[in-house]
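Before any comments, here is the structure.
Labels run A, B, C, D and E following the written order; every chain starts at residue 1.
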């Protein structure tokens, strides 16, 4: 059978994809190409690492292999501007940053820019997302943002939600003499979501677009808890020692913002809310 | 218990003073279609040494194995000490005994195999005390004392702490005899106890068996050692093709076999 | 080749017409500290049947195994067909032969073991053709033809497609003989070929060996079958404690042993 | 002759035990089939999905090819372990120690990133000029990395199994074959190994079935076509992990069943002359006097 | 008597081979130690970290307790497989088929979410009133779920190994013990099983070492204290996965080494009377005429 190909279950983004904007049609910019470091100039491809379990930012198409999502489209647009083809690799979220500069030229995987990561790589900001929480529909376990101590909280490994956000909350619990938060840290965001649906965890914390998408995809089995907070910029990761390339990417992003391709991509995926007006290299992290 | 009709009929034909220890009555055994024992009748009196000879495949081992419940009978009855072996008879209907009852019956019967079958992971002494301590629940100390006596008897007191692999074939077979005797059986079955041994080692084992016979142990011995049969046997039974061809005093049969098959067989093994 | 001094000295003492096929000179064997062979000298002429007897542990098997390179010598020399076994002598210094050369030497020597050692995963026929096809690279068809002839010779042509586990001990041993003969060796070694067999089955194997001797095969036979030694043997060697105690015509030695140890031993096995 | 037709011993407790087991199984199946959380509808939708079937195919490819590599290496390692050359013995020991000792996931990560760690494979004189060089990433693509990684790891486990198997064959077999003038390597291949197979196959069956499941770790490479990855990806899309886990479990169970049937026949093949014969009605006179050096009986399935 | 002191055969190719292997090993070690991507400094910082040591402890707890459960079940299953009762045989077969056939990860997921699927454990008359009930989540917490899940899965693999082992013991042993009046269960425990252990231990060693690595899958439960989880968490904090993988690999290797030493002694224990004796200098007259029904030699480590 071909249930997977027919879209056996309705896909929120599938419909809009038909009329989607094709980011590979973005014009190439020879001036920017000229600025590229020598090692990248001759390469036909741009290798991008991405954890494709973060719908709608990056996830896998019906074939189970092709990465899609707004991050993927941005990667394609950047590559097209630089006269290259983007190759997006499915990877473990926590393995992406260590491999930048060797296996990957860029890391585009909804990285929230924070001081710790900024020590490891250069960031070019490209999206604005906040942190949002979700619980089961009707909040049967009576979870409240004010009292998470001792609860099972699901997060994706290596995200800002895991560390520092939930970790700090847990530390505060301990400091107050309450039980620590039981942090269930899983490799894939979708595992976290399905566990919340299944009830083995009490609540989850993730980026706003992800929570919104999960709410839509789980047929109303989940609801949000509280409001978006910590609105923070997400960035494209570039090797720390390759400042020149980082500068090129900043310029490319600003060009895409200016010529409207950027907004088209985000609106294709219904996430224009998080659009930036200007991309910045290594913004001071919030 | 044998049923009433039987007891009166058979018993009367024999001298009333000696009740038989083993009674084999019309035993048949099939392996699938293969008819191996074809109606064996035999009695062994207490203290008697009964020697069975016969060509390969004649069913000698199968008969011994039936007595010790290692095979189930297809037809007939075997009584040891007036106890029906393997079954309980209630209202003329046979019921299988359960494993516990079978184990109890086997304790009265010692068996020595052609291939010794010592437990290789236990020393000679451990082999001998295994059953008394585990089955009869004797204390280890008591079992050990008795075992050392038995090993002394078979001439192996200095080999008590050797593993079977450190013993010669003849020594292993003697340990096997001691092991069987440790359960103080009323009846000992020997299935070609010397035929896996080099000719030189045969003597030691036969010596032990002779002494055992002298001490009054009831024994059924399957063997090719005609010398042993002549010297020690009280009766000699010649089997062929699953039937008893000839049976009687060993010296008479060996000197003057009545049946041509007996004659032929004796000429080959003598 | 034996060194010059030796050839002249030893050869002169023997009738010049018959060159010995096997020459064993001053062979010693240690297992660690255990001195098992203590200077064995022995010659076997082509076509001769040389029987070795002796008590358990006297080193008979070890001697045969040295001839067939299953053990390495500690001292002394063994020549088969004037070929030094196991070594190459260059300028008075011995060099180990490599595995290929050893395999070549072994092809001239057939060996039959006490425990048969047939390959259990191959039928009788496959056992016999294994070495000719694999070692001599004979065609399968040719090897098969020859093998069937050999099986016929040992009286087993109707058992060619049986696995060893489907054959009796005596039949297995006869297949083992056919297997060794298939390599057309110049010399056959038998290590107690009948002592693992039931007395009834011994006869068949001895019969085959007798016929082999009659056909002129050179044989060294370790056995307890004194009858065979008397009937078939050309020389009889009695070993004890790693030395040759007595050697000569079998009928004379058996009738009239010179050494008291020989006497004692013969009294036990006869 | 009146055939004995005895009344068998009654084992009431056995039947109680059996009934309890049966009840538990029935309840488990009933609760599984009726529990709505298993979404059997979704299971039916995806169980024969084209992606899933492709995943089954890739899983089989990985399992078979890595087991082939592992078996070849394991035989080599087991032979090396018996070699006269101490260095060979030592190398074989270290190999087993290292590959059994480190997690296969880490090994797969290594093979996946070997292209990053060593960008070029250089053939040349050590510490001297290079003769030939290849781009590592081209030579070791994801499929190769996955197969090599799984194969090397498994070879260490199989080497232990083969070593134990070879040692289980009676020494007399080696002597008999050598006495016929066969060379050691030939003896190993034609005489010792075929007999050892009887002891080797059941644990190797275990390992093969284990490998089937281990292939799901190839995501570490990353290799993203195997059954587990595919069903996980589908689960992420549908947010219904349980039915898709059931899909994967179903297929693994199907392949395992096929492998178990295969094992039965392989065992039977290598048991020829030993196992099968014992069971045949003993019509052959004289009664198969078991060869005293015969291998232990063994190991038939079912 | 002039002792033979022959010049051994030279094997130049062996030495070339050995030299090549040695060179490869040296190059591999050298490239590992000098490659900056391995961050040996970070390795040193974390290798004795308190969290890591705790992870090692939990991994050991999981391995040992699940192996204990598995061994007990496997013995039971192997005995059931030989039972007269067809239902027991059948249950044993289905158990092995099911638990070998489905991925342990899926099984662990199940045990992790059993509290969600079946919120209460109810003891009562089937289809009748309930007598007692517990909250599943309290009874089956993460640790219990992890141990039970691993143990049940492993029991199926071990059952196959035990089955093969029991069958390898000569039938004569059973007959001899039964002829002494020992009951079947006693014969199994005291006579058959100890002898079977010789064949059982090497593959069981494999399984134990495999289990050590399989414990990393308990994340499925989710159980988050084992070595792999801890090092992964540290890796994502430091963005340096390779040195932390090395930390995990180092500890797995250490535990494996300890287990291999343990295996050596266990093998030696169960080889008593069979393996060890053969090797002792044969001083005992008469020469140890090997018992014809003796088990095959075998299986010493190193």
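Just so we're on the same page, contacts are C-beta pairs under 8 Å (C-beta built on N, C-alpha and C of every residue); 3 or more make two chains touch, one makes a residue touch a chain.
Only a predicted model underlies this, so the values are computations on that prediction, with no experimental measurement involved.
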Other chains in touch with both chain D and chain E: A, B, C
For chain B, the least number of touch steps when starting out from chain A: 2
Computed distance of Cα centres, chain C from chain B, in Å: 39
Euclidean distance of C-alpha centroids - chain B vs chain D, Å: 48
Residues of chain C engaged with two or more neighbouring chains: 56, 99, 115, 168, 196, 198
Residues within chain D bordering two or more other chains: 37, 116, 170, 241, 286-287, 292-293, 295
Touching two or more other chains - residues of chain A: 102, 198
Pairwise chain contacts under the document criterion: A-D, A-E, B-C, B-D, B-E, C-D, C-E, D-E
Sites on chain B touched by chain C in the complex: 55-56, 168, 192, 195-196, 198-201, 203, 224, 268-269
Partner chain B, residues of chain D touching it in the complex: 1-9, 281-283, 285-287, 292
Interfacial residue positions of chain D with respect to chain E in the complex: 11, 14, 17-18, 21-23, 25, 27, 31, 35, 37, 85, 87-88, 91, 93-94, 97-98, 100-106, 109, 116-118, 126, 157, 160-161, 163-164, 167-171, 199, 202-203, 205-207, 209-210, 213, 216, 228, 241, 245, 248-249, 252-253, 256-257, 260, 292-293, 295-300, 302
For the chain B and chain E complex, residues of the former touching the latter: 68, 70, 99-100, 103-104, 106-107, 109-111, 113, 115-123, 130-131, 134-135, 162-169, 171-172, 176, 179-180, 183, 196, 198
Contacting residues of chain A [partner chain D, same complex]: 1-5, 8-9, 11, 53, 55, 59-60, 63-65, 89-92, 99, 102-103, 188, 190-191, 193-194, 197-198, 214, 217-218
